[in-house]
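One structure is given below, encoded as C-alpha coordinates.
Chain IDs A, B and C follow the sequence of writing; residue 1 opens each chain.
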Amino acid sequence: MVELKLSTRKRTEFIDITRQVQQAVTESGVQSGICVVYVPHTTAACTINEHADPDVARDIIGKLAELAPEEANYRHIEGNADAHIKAALCGTSEMVIIEDGKLQLGTWQGIFFCEFDGPRSRRVWVKIVPGRGG
Amino acid sequence: MVELKLSTRKRTEFIDITRQVQQAVTESGVQSGICVVYVPHTTAACTINEHADPDVARDIIGKLAELAPEEANYRHIEGNADAHIKAALCGTSEMVIIEDGKLQLGTWQGIFFCEFDGPRSRRVWVKIVPGRGG
Amino acid sequence: MVELKLSTRKRTEFIDITRQVQQAVTESGVQSGICVVYVPHTTAACTINEHADPDVARDIIGKLAELAPEEANYRHIEGNADAHIKAALCGTSEMVIIEDGKLQLGTWQGIFFCEFDGPRSRRVWVKIVPGRGG
(Lines give C-alpha, C1' and ligand atoms only; values in the text may rest on other atoms or scores of the structure.)
Protein backbone atom coordinates (compact mmCIF):
# COMPACT_ATOMS: atom_id res chain seq x y z
CA MET A 1 0.00 0.00 0.00
CA VAL A 2 1.31 3.43 -0.95
CA GLU A 3 0.30 6.54 0.96
CA LEU A 4 -0.06 9.88 -0.81
CA LYS A 5 -0.10 13.05 1.28
CA LEU A 6 -2.10 16.12 0.37
CA SER A 7 -2.59 19.57 1.82
CA THR A 8 -5.93 21.05 0.85
CA ARG A 9 -6.38 24.80 0.83
CA LYS A 10 -10.13 25.43 0.75
CA ARG A 11 -13.15 24.07 2.61
CA THR A 12 -14.29 22.38 -0.60
CA GLU A 13 -12.08 21.53 -3.56
CA PHE A 14 -11.29 18.71 -5.97
CA ILE A 15 -7.60 17.91 -6.44
CA ASP A 16 -6.45 15.94 -9.48
CA ILE A 17 -4.26 13.07 -8.20
CA THR A 18 -4.03 11.07 -11.45
CA ARG A 19 -0.28 11.62 -11.86
CA GLN A 20 0.57 10.48 -8.32
CA VAL A 21 -1.61 7.37 -8.64
CA GLN A 22 0.04 6.47 -11.97
CA GLN A 23 3.43 6.90 -10.29
CA ALA A 24 2.44 4.39 -7.59
CA VAL A 25 1.38 1.95 -10.32
CA THR A 26 4.66 2.43 -12.19
CA GLU A 27 6.73 1.90 -9.04
CA SER A 28 4.83 -1.31 -8.24
CA GLY A 29 5.94 -2.84 -11.53
CA VAL A 30 2.49 -4.42 -11.97
CA GLN A 31 1.56 -4.67 -15.65
CA SER A 32 -2.02 -5.95 -15.38
CA GLY A 33 -4.47 -5.76 -12.50
CA ILE A 34 -6.55 -3.24 -10.64
CA CYS A 35 -5.64 -0.13 -8.71
CA VAL A 36 -7.71 0.79 -5.66
CA VAL A 37 -7.68 4.43 -4.57
CA TYR A 38 -8.98 4.73 -1.01
CA VAL A 39 -9.64 7.83 1.12
CA PRO A 40 -9.37 7.12 4.89
CA HIS A 41 -11.42 10.19 5.88
CA THR A 42 -15.13 10.67 6.52
CA THR A 43 -15.43 14.25 5.25
CA ALA A 44 -13.54 13.70 2.00
CA ALA A 45 -14.03 11.36 -0.95
CA CYS A 46 -12.72 10.20 -4.28
CA THR A 47 -14.31 10.50 -7.72
CA ILE A 48 -13.43 10.04 -11.38
CA ASN A 49 -14.66 12.66 -13.83
CA GLU A 50 -13.51 15.12 -16.49
CA HIS A 51 -10.25 16.87 -15.65
CA ALA A 52 -9.79 18.84 -18.88
CA ASP A 53 -12.27 21.60 -18.03
CA PRO A 54 -12.08 22.62 -14.33
CA ASP A 55 -15.65 23.92 -14.62
CA VAL A 56 -16.89 20.31 -14.48
CA ALA A 57 -15.51 19.89 -10.95
CA ARG A 58 -16.91 23.31 -10.02
CA ASP A 59 -20.37 22.27 -11.24
CA ILE A 60 -20.24 19.03 -9.25
CA ILE A 61 -19.12 20.94 -6.14
CA GLY A 62 -21.89 23.50 -6.73
CA LYS A 63 -24.56 20.85 -7.05
CA LEU A 64 -23.38 19.03 -3.91
CA ALA A 65 -23.54 22.35 -2.00
CA GLU A 66 -27.10 22.77 -3.22
CA LEU A 67 -28.08 19.21 -2.22
CA ALA A 68 -26.38 19.43 1.19
CA PRO A 69 -25.90 23.07 2.28
CA GLU A 70 -23.27 23.75 4.94
CA GLU A 71 -25.83 25.27 7.28
CA ALA A 72 -29.03 23.34 7.85
CA ASN A 73 -30.91 21.52 10.55
CA TYR A 74 -28.36 18.70 11.09
CA ARG A 75 -27.97 16.63 14.27
CA HIS A 76 -24.16 16.18 14.10
CA ILE A 77 -22.88 19.16 16.06
CA GLU A 78 -19.39 19.58 14.59
CA GLY A 79 -20.60 21.84 11.78
CA ASN A 80 -19.52 19.48 9.01
CA ALA A 81 -22.55 17.23 8.57
CA ASP A 82 -22.78 18.42 4.97
CA ALA A 83 -19.24 17.11 4.36
CA HIS A 84 -20.16 13.64 5.67
CA ILE A 85 -23.23 13.60 3.39
CA LYS A 86 -21.21 14.68 0.34
CA ALA A 87 -18.64 11.96 1.11
CA ALA A 88 -21.47 9.39 1.22
CA LEU A 89 -22.78 10.57 -2.16
CA CYS A 90 -19.35 10.55 -3.87
CA GLY A 91 -17.90 7.45 -2.23
CA THR A 92 -14.73 6.58 -0.34
CA SER A 93 -12.88 4.72 -3.08
CA GLU A 94 -12.41 4.26 -6.82
CA MET A 95 -10.99 1.42 -8.89
CA VAL A 96 -9.08 1.72 -12.14
CA ILE A 97 -7.96 -1.14 -14.38
CA ILE A 98 -4.20 -1.48 -15.09
CA GLU A 99 -2.88 -2.79 -18.43
CA ASP A 100 0.69 -2.50 -19.73
CA GLY A 101 1.61 -0.84 -16.45
CA LYS A 102 -0.78 2.05 -17.14
CA LEU A 103 -4.03 3.20 -15.53
CA GLN A 104 -6.77 2.59 -18.08
CA LEU A 105 -8.68 5.86 -17.94
CA GLY A 106 -11.01 7.26 -20.58
CA THR A 107 -9.76 10.19 -22.69
CA TRP A 108 -11.29 12.85 -20.44
CA GLN A 109 -11.08 11.03 -17.11
CA GLY A 110 -8.96 12.03 -14.14
CA ILE A 111 -8.94 10.83 -10.53
CA PHE A 112 -9.92 13.48 -8.00
CA PHE A 113 -9.48 13.74 -4.26
CA CYS A 114 -12.62 15.52 -3.02
CA GLU A 115 -12.13 17.78 0.00
CA PHE A 116 -15.38 18.70 1.74
CA ASP A 117 -14.14 19.99 5.11
CA GLY A 118 -10.76 21.58 4.52
CA PRO A 119 -8.29 23.02 4.64
CA ARG A 120 -6.57 19.99 6.15
CA SER A 121 -3.68 17.56 5.79
CA ARG A 122 -5.10 14.49 4.05
CA ARG A 123 -4.00 11.04 2.97
CA VAL A 124 -4.89 8.77 0.05
CA TRP A 125 -4.05 5.06 0.05
CA VAL A 126 -3.28 3.28 -3.21
CA LYS A 127 -3.34 -0.53 -3.35
CA ILE A 128 -2.47 -2.50 -6.44
CA VAL A 129 -3.80 -6.01 -6.97
CA PRO A 130 -2.18 -7.92 -9.83
CA GLY A 131 -4.39 -9.90 -12.18
CA ARG A 132 -3.47 -13.25 -13.67
CA GLY A 133 0.01 -12.85 -15.09
CA GLY A 134 0.13 -9.26 -13.73
CA MET B 1 -17.02 -15.80 -0.13
CA VAL B 2 -18.40 -15.35 3.36
CA GLU B 3 -22.07 -14.55 3.95
CA LEU B 4 -23.14 -12.37 6.87
CA LYS B 5 -26.78 -12.44 7.94
CA LEU B 6 -28.58 -9.42 9.34
CA SER B 7 -32.04 -8.71 10.68
CA THR B 8 -33.00 -5.10 10.30
CA ARG B 9 -35.61 -3.58 12.59
CA LYS B 10 -36.69 -0.33 10.97
CA ARG B 11 -37.66 0.78 7.48
CA THR B 12 -34.46 2.80 7.26
CA GLU B 13 -31.37 2.26 9.37
CA PHE B 14 -27.58 1.98 9.10
CA ILE B 15 -26.00 -1.01 10.85
CA ASP B 16 -22.28 -1.00 11.65
CA ILE B 17 -20.83 -4.29 10.31
CA THR B 18 -17.12 -3.44 10.67
CA ARG B 19 -16.49 -6.09 13.33
CA GLN B 20 -18.07 -8.91 11.29
CA VAL B 21 -16.17 -7.91 8.15
CA GLN B 22 -12.87 -7.85 10.10
CA GLN B 23 -13.72 -11.32 11.45
CA ALA B 24 -14.12 -12.63 7.88
CA VAL B 25 -10.73 -11.13 6.99
CA THR B 26 -9.10 -12.69 10.05
CA GLU B 27 -10.57 -16.12 9.30
CA SER B 28 -9.34 -15.94 5.70
CA GLY B 29 -5.75 -15.65 6.89
CA VAL B 30 -5.03 -13.10 4.15
CA GLN B 31 -2.42 -10.58 5.26
CA SER B 32 -2.43 -8.20 2.28
CA GLY B 33 -5.08 -7.60 -0.36
CA ILE B 34 -8.51 -6.10 -0.74
CA CYS B 35 -11.80 -6.88 0.91
CA VAL B 36 -14.99 -6.45 -1.11
CA VAL B 37 -18.23 -5.93 0.82
CA TYR B 38 -21.22 -6.58 -1.44
CA VAL B 39 -24.94 -6.20 -0.77
CA PRO B 40 -27.09 -8.51 -2.95
CA HIS B 41 -30.26 -6.44 -2.50
CA THR B 42 -31.75 -3.60 -4.56
CA THR B 43 -33.33 -1.65 -1.69
CA ALA B 44 -30.30 -1.72 0.58
CA ALA B 45 -26.71 -0.53 0.18
CA CYS B 46 -23.30 -0.27 1.77
CA THR B 47 -21.36 2.83 2.77
CA ILE B 48 -18.28 3.83 4.76
CA ASN B 49 -18.54 6.85 7.03
CA GLU B 50 -18.09 8.00 10.62
CA HIS B 51 -19.24 5.46 13.19
CA ALA B 52 -18.19 7.31 16.37
CA ASP B 53 -21.15 9.71 16.43
CA PRO B 54 -24.44 8.01 15.41
CA ASP B 55 -25.79 11.43 14.44
CA VAL B 56 -23.69 11.28 11.26
CA ALA B 57 -25.65 8.25 10.00
CA ARG B 58 -28.89 9.96 11.07
CA ASP B 59 -27.97 13.06 9.06
CA ILE B 60 -27.18 10.97 5.97
CA ILE B 61 -30.47 9.08 6.36
CA GLY B 62 -32.31 12.39 6.83
CA LYS B 63 -30.79 13.92 3.72
CA LEU B 64 -31.58 10.83 1.61
CA ALA B 65 -35.20 10.99 2.82
CA GLU B 66 -35.30 14.62 1.73
CA LEU B 67 -33.79 13.84 -1.70
CA ALA B 68 -36.05 10.81 -2.28
CA PRO B 69 -39.19 10.97 -0.10
CA GLU B 70 -41.04 7.71 0.51
CA GLU B 71 -44.21 9.06 -1.04
CA ALA B 72 -43.93 10.78 -4.40
CA ASN B 73 -44.98 10.40 -7.98
CA TYR B 74 -42.97 7.21 -8.73
CA ARG B 75 -43.75 4.67 -11.46
CA HIS B 76 -42.60 1.54 -9.59
CA ILE B 77 -45.77 0.40 -7.82
CA GLU B 78 -44.34 -1.55 -4.89
CA GLY B 79 -44.10 1.50 -2.65
CA ASN B 80 -40.33 1.33 -2.28
CA ALA B 81 -39.08 3.33 -5.27
CA ASP B 82 -37.36 5.70 -2.81
CA ALA B 83 -35.37 2.75 -1.44
CA HIS B 84 -34.12 1.78 -4.93
CA ILE B 85 -33.06 5.41 -5.54
CA LYS B 86 -31.24 5.63 -2.19
CA ALA B 87 -29.46 2.34 -2.99
CA ALA B 88 -28.34 3.81 -6.33
CA LEU B 89 -26.98 6.93 -4.61
CA CYS B 90 -25.09 5.01 -1.88
CA GLY B 91 -23.90 2.07 -3.97
CA THR B 92 -24.03 -1.70 -3.71
CA SER B 93 -20.47 -2.39 -2.59
CA GLU B 94 -17.42 -1.02 -0.82
CA MET B 95 -13.75 -1.98 -0.93
CA VAL B 96 -11.27 -1.81 1.93
CA ILE B 97 -7.52 -2.44 1.73
CA ILE B 98 -6.08 -5.23 3.93
CA GLU B 99 -2.55 -5.02 5.42
CA ASP B 100 -1.13 -7.17 8.24
CA GLY B 101 -4.43 -9.06 8.27
CA LYS B 102 -6.36 -5.91 9.20
CA LEU B 103 -8.90 -3.74 7.40
CA GLN B 104 -7.20 -0.42 6.71
CA LEU B 105 -9.88 2.04 7.79
CA GLY B 106 -9.39 5.67 8.75
CA THR B 107 -9.63 6.60 12.43
CA TRP B 108 -13.32 7.50 12.27
CA GLN B 109 -14.43 5.11 9.52
CA GLY B 110 -16.81 2.20 9.92
CA ILE B 111 -18.55 0.01 7.35
CA PHE B 112 -22.33 0.33 7.35
CA PHE B 113 -25.09 -1.83 5.93
CA CYS B 114 -27.77 0.62 4.78
CA GLU B 115 -31.36 -0.63 5.08
CA PHE B 116 -33.84 1.42 3.06
CA ASP B 117 -36.87 -0.92 2.96
CA GLY B 118 -36.90 -2.90 6.19
CA PRO B 119 -37.47 -4.50 8.48
CA ARG B 120 -36.16 -7.56 6.64
CA SER B 121 -33.70 -10.45 6.78
CA ARG B 122 -30.68 -9.34 4.78
CA ARG B 123 -27.35 -10.72 3.60
CA VAL B 124 -23.93 -9.20 3.01
CA TRP B 125 -21.25 -11.01 0.99
CA VAL B 126 -17.58 -10.54 1.81
CA LYS B 127 -14.91 -11.56 -0.71
CA ILE B 128 -11.21 -11.29 -0.03
CA VAL B 129 -8.71 -11.01 -2.88
CA PRO B 130 -5.08 -11.44 -1.85
CA GLY B 131 -2.49 -9.08 -3.28
CA ARG B 132 1.00 -10.11 -4.28
CA GLY B 133 2.39 -12.09 -1.39
CA GLY B 134 -0.96 -11.79 0.42
CA MET C 1 -9.47 -6.68 -20.13
CA VAL C 2 -12.53 -7.17 -22.31
CA GLU C 3 -14.18 -4.26 -24.10
CA LEU C 4 -17.94 -4.21 -24.67
CA LYS C 5 -19.34 -1.83 -27.25
CA LEU C 6 -22.72 -0.17 -26.91
CA SER C 7 -24.81 2.18 -29.01
CA THR C 8 -27.19 4.23 -26.92
CA ARG C 9 -30.33 5.64 -28.47
CA LYS C 10 -31.59 8.31 -26.09
CA ARG C 11 -30.04 11.20 -24.16
CA THR C 12 -30.66 9.31 -20.92
CA GLU C 13 -31.19 5.58 -20.62
CA PHE C 14 -30.10 2.58 -18.57
CA ILE C 15 -29.01 -0.49 -20.57
CA ASP C 16 -28.86 -3.90 -18.90
CA ILE C 17 -25.42 -5.39 -19.64
CA THR C 18 -25.55 -8.32 -17.19
CA ARG C 19 -25.52 -10.96 -19.93
CA GLN C 20 -22.48 -9.49 -21.70
CA VAL C 21 -20.54 -9.17 -18.43
CA GLN C 22 -21.33 -12.80 -17.53
CA GLN C 23 -20.11 -13.83 -20.98
CA ALA C 24 -16.77 -12.10 -20.33
CA VAL C 25 -16.49 -13.95 -17.01
CA THR C 26 -17.31 -17.29 -18.66
CA GLU C 27 -14.74 -16.73 -21.42
CA SER C 28 -12.04 -15.88 -18.85
CA GLY C 29 -12.42 -19.30 -17.25
CA VAL C 30 -12.05 -17.73 -13.79
CA GLN C 31 -14.06 -19.66 -11.19
CA SER C 32 -13.56 -17.43 -8.14
CA GLY C 33 -12.59 -13.77 -7.90
CA ILE C 34 -13.98 -10.36 -8.60
CA CYS C 35 -15.26 -8.74 -11.75
CA VAL C 36 -14.71 -5.02 -12.25
CA VAL C 37 -17.06 -3.21 -14.64
CA TYR C 38 -15.58 0.15 -15.62
CA VAL C 39 -17.03 2.95 -17.76
CA PRO C 40 -14.32 5.09 -19.44
CA HIS C 41 -16.64 8.06 -20.01
CA THR C 42 -17.39 11.15 -17.93
CA THR C 43 -21.04 11.58 -18.90
CA ALA C 44 -22.04 7.95 -18.37
CA ALA C 45 -21.87 5.60 -15.39
CA CYS C 46 -22.54 2.11 -14.11
CA THR C 47 -24.98 0.97 -11.44
CA ILE C 48 -26.47 -2.23 -10.03
CA ASN C 49 -30.19 -2.26 -9.27
CA GLU C 50 -33.43 -4.08 -10.01
CA HIS C 51 -33.76 -5.20 -13.63
CA ALA C 52 -37.05 -7.08 -13.35
CA ASP C 53 -39.30 -4.00 -13.41
CA PRO C 54 -38.05 -1.33 -15.87
CA ASP C 55 -39.94 1.27 -13.84
CA VAL C 56 -37.18 1.13 -11.21
CA ALA C 57 -34.61 2.43 -13.72
CA ARG C 58 -37.15 5.03 -14.89
CA ASP C 59 -37.64 6.24 -11.31
CA ILE C 60 -33.87 6.53 -10.76
CA ILE C 61 -33.50 8.42 -14.04
CA GLY C 62 -36.42 10.67 -13.07
CA LYS C 63 -34.95 11.47 -9.68
CA LEU C 64 -31.52 12.24 -11.15
CA ALA C 65 -33.18 14.62 -13.65
CA GLU C 66 -34.88 16.34 -10.72
CA LEU C 67 -31.62 16.60 -8.73
CA ALA C 68 -29.59 17.81 -11.74
CA PRO C 69 -31.83 19.30 -14.44
CA GLU C 70 -30.41 19.52 -17.96
CA GLU C 71 -30.83 23.29 -18.06
CA ALA C 72 -29.56 25.26 -15.09
CA ASN C 73 -26.95 27.81 -14.14
CA TYR C 74 -23.89 25.60 -14.82
CA ARG C 75 -20.37 26.83 -15.62
CA HIS C 76 -19.36 24.02 -18.01
CA ILE C 77 -20.46 25.35 -21.39
CA GLU C 78 -20.93 22.14 -23.36
CA GLY C 79 -24.56 21.74 -22.26
CA ASN C 80 -23.98 18.44 -20.48
CA ALA C 81 -22.97 19.53 -16.97
CA ASP C 82 -26.00 17.61 -15.64
CA ALA C 83 -24.59 14.42 -17.19
CA HIS C 84 -21.22 14.86 -15.43
CA ILE C 85 -23.03 15.41 -12.10
CA LYS C 86 -25.22 12.31 -12.59
CA ALA C 87 -22.11 10.28 -13.43
CA ALA C 88 -20.49 11.50 -10.18
CA LEU C 89 -23.58 10.47 -8.17
CA CYS C 90 -23.85 6.99 -9.76
CA GLY C 91 -20.16 6.19 -10.06
CA THR C 92 -17.80 5.05 -12.78
CA SER C 93 -17.46 1.39 -11.82
CA GLU C 94 -19.06 -1.58 -10.09
CA MET C 95 -17.64 -4.77 -8.64
CA VAL C 96 -19.31 -8.16 -8.56
CA ILE C 97 -18.03 -11.29 -6.81
CA ILE C 98 -17.43 -14.41 -8.98
CA GLU C 99 -17.96 -17.94 -7.60
CA ASP C 100 -18.24 -21.15 -9.64
CA GLY C 101 -17.60 -19.08 -12.75
CA LYS C 102 -20.77 -17.03 -12.16
CA LEU C 103 -21.44 -13.43 -11.22
CA GLN C 104 -22.87 -13.47 -7.72
CA LEU C 105 -25.81 -11.10 -8.08
CA GLY C 106 -28.86 -10.88 -5.83
CA THR C 107 -32.16 -12.26 -7.15
CA TRP C 108 -33.36 -8.91 -8.51
CA GLN C 109 -30.00 -7.36 -9.39
CA GLY C 110 -28.77 -6.51 -12.86
CA ILE C 111 -25.78 -4.45 -14.03
CA PHE C 112 -26.72 -1.30 -15.91
CA PHE C 113 -24.77 1.00 -18.19
CA CYS C 114 -26.13 4.50 -17.46
CA GLU C 115 -26.18 6.87 -20.43
CA PHE C 116 -26.60 10.53 -19.45
CA ASP C 117 -25.53 12.32 -22.65
CA GLY C 118 -26.51 10.12 -25.56
CA PRO C 119 -27.14 8.95 -28.07
CA ARG C 120 -23.52 7.89 -28.53
CA SER C 121 -21.19 4.97 -29.17
CA ARG C 122 -19.94 3.86 -25.78
CA ARG C 123 -17.54 1.35 -24.28
CA VAL C 124 -17.49 -0.68 -21.08
CA TRP C 125 -14.31 -2.37 -19.80
CA VAL C 126 -14.51 -5.62 -17.87
CA LYS C 127 -11.53 -6.81 -15.84
CA ILE C 128 -11.48 -10.09 -13.94
CA VAL C 129 -9.18 -10.58 -10.97
CA PRO C 130 -8.91 -14.18 -9.76
CA GLY C 131 -9.02 -14.86 -6.03
CA ARG C 132 -6.93 -17.49 -4.27
CA GLY C 133 -7.37 -20.66 -6.27
CA GLY C 134 -9.53 -18.79 -8.81
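For the reader, a short list of remarks on this structure follows.
Throughout what follows, a contact is a pair of C-beta atoms (placed from the backbone, for glycine too) under 8 Å apart; a residue touches a chain by one contact, two chains touch by 3 or more.
In this text, all values refer to a predicted model and were calculated from it rather than measured experimentally.
Chain contacts here are complete: no pair of chains fails to touch.
Where the sister copies chain B and chain C meet, the same residue numbers recur on both sides for under half of the interface positions.
Separating the centre of chain B from that of chain C, both taken as means of CA atoms, is a distance of 19 Å. Residue numbers of chain A whose C-beta contacts span two or more other chains: 67, 89, 91, 95, 129. On the chain A side of its complex with chain C, the touching residues are 32-34, 47-50, 53, 55-56, 58-60, 62-63, 67, 89-91, 94-97, 99, 104-109, 129, 131-132.
If you check the complex, the residues on chain C that touch chain A are 1, 30, 36, 38-42, 67-68, 74-78, 81, 84-85, 87-89, 91-93, 95, 125, 127-130.
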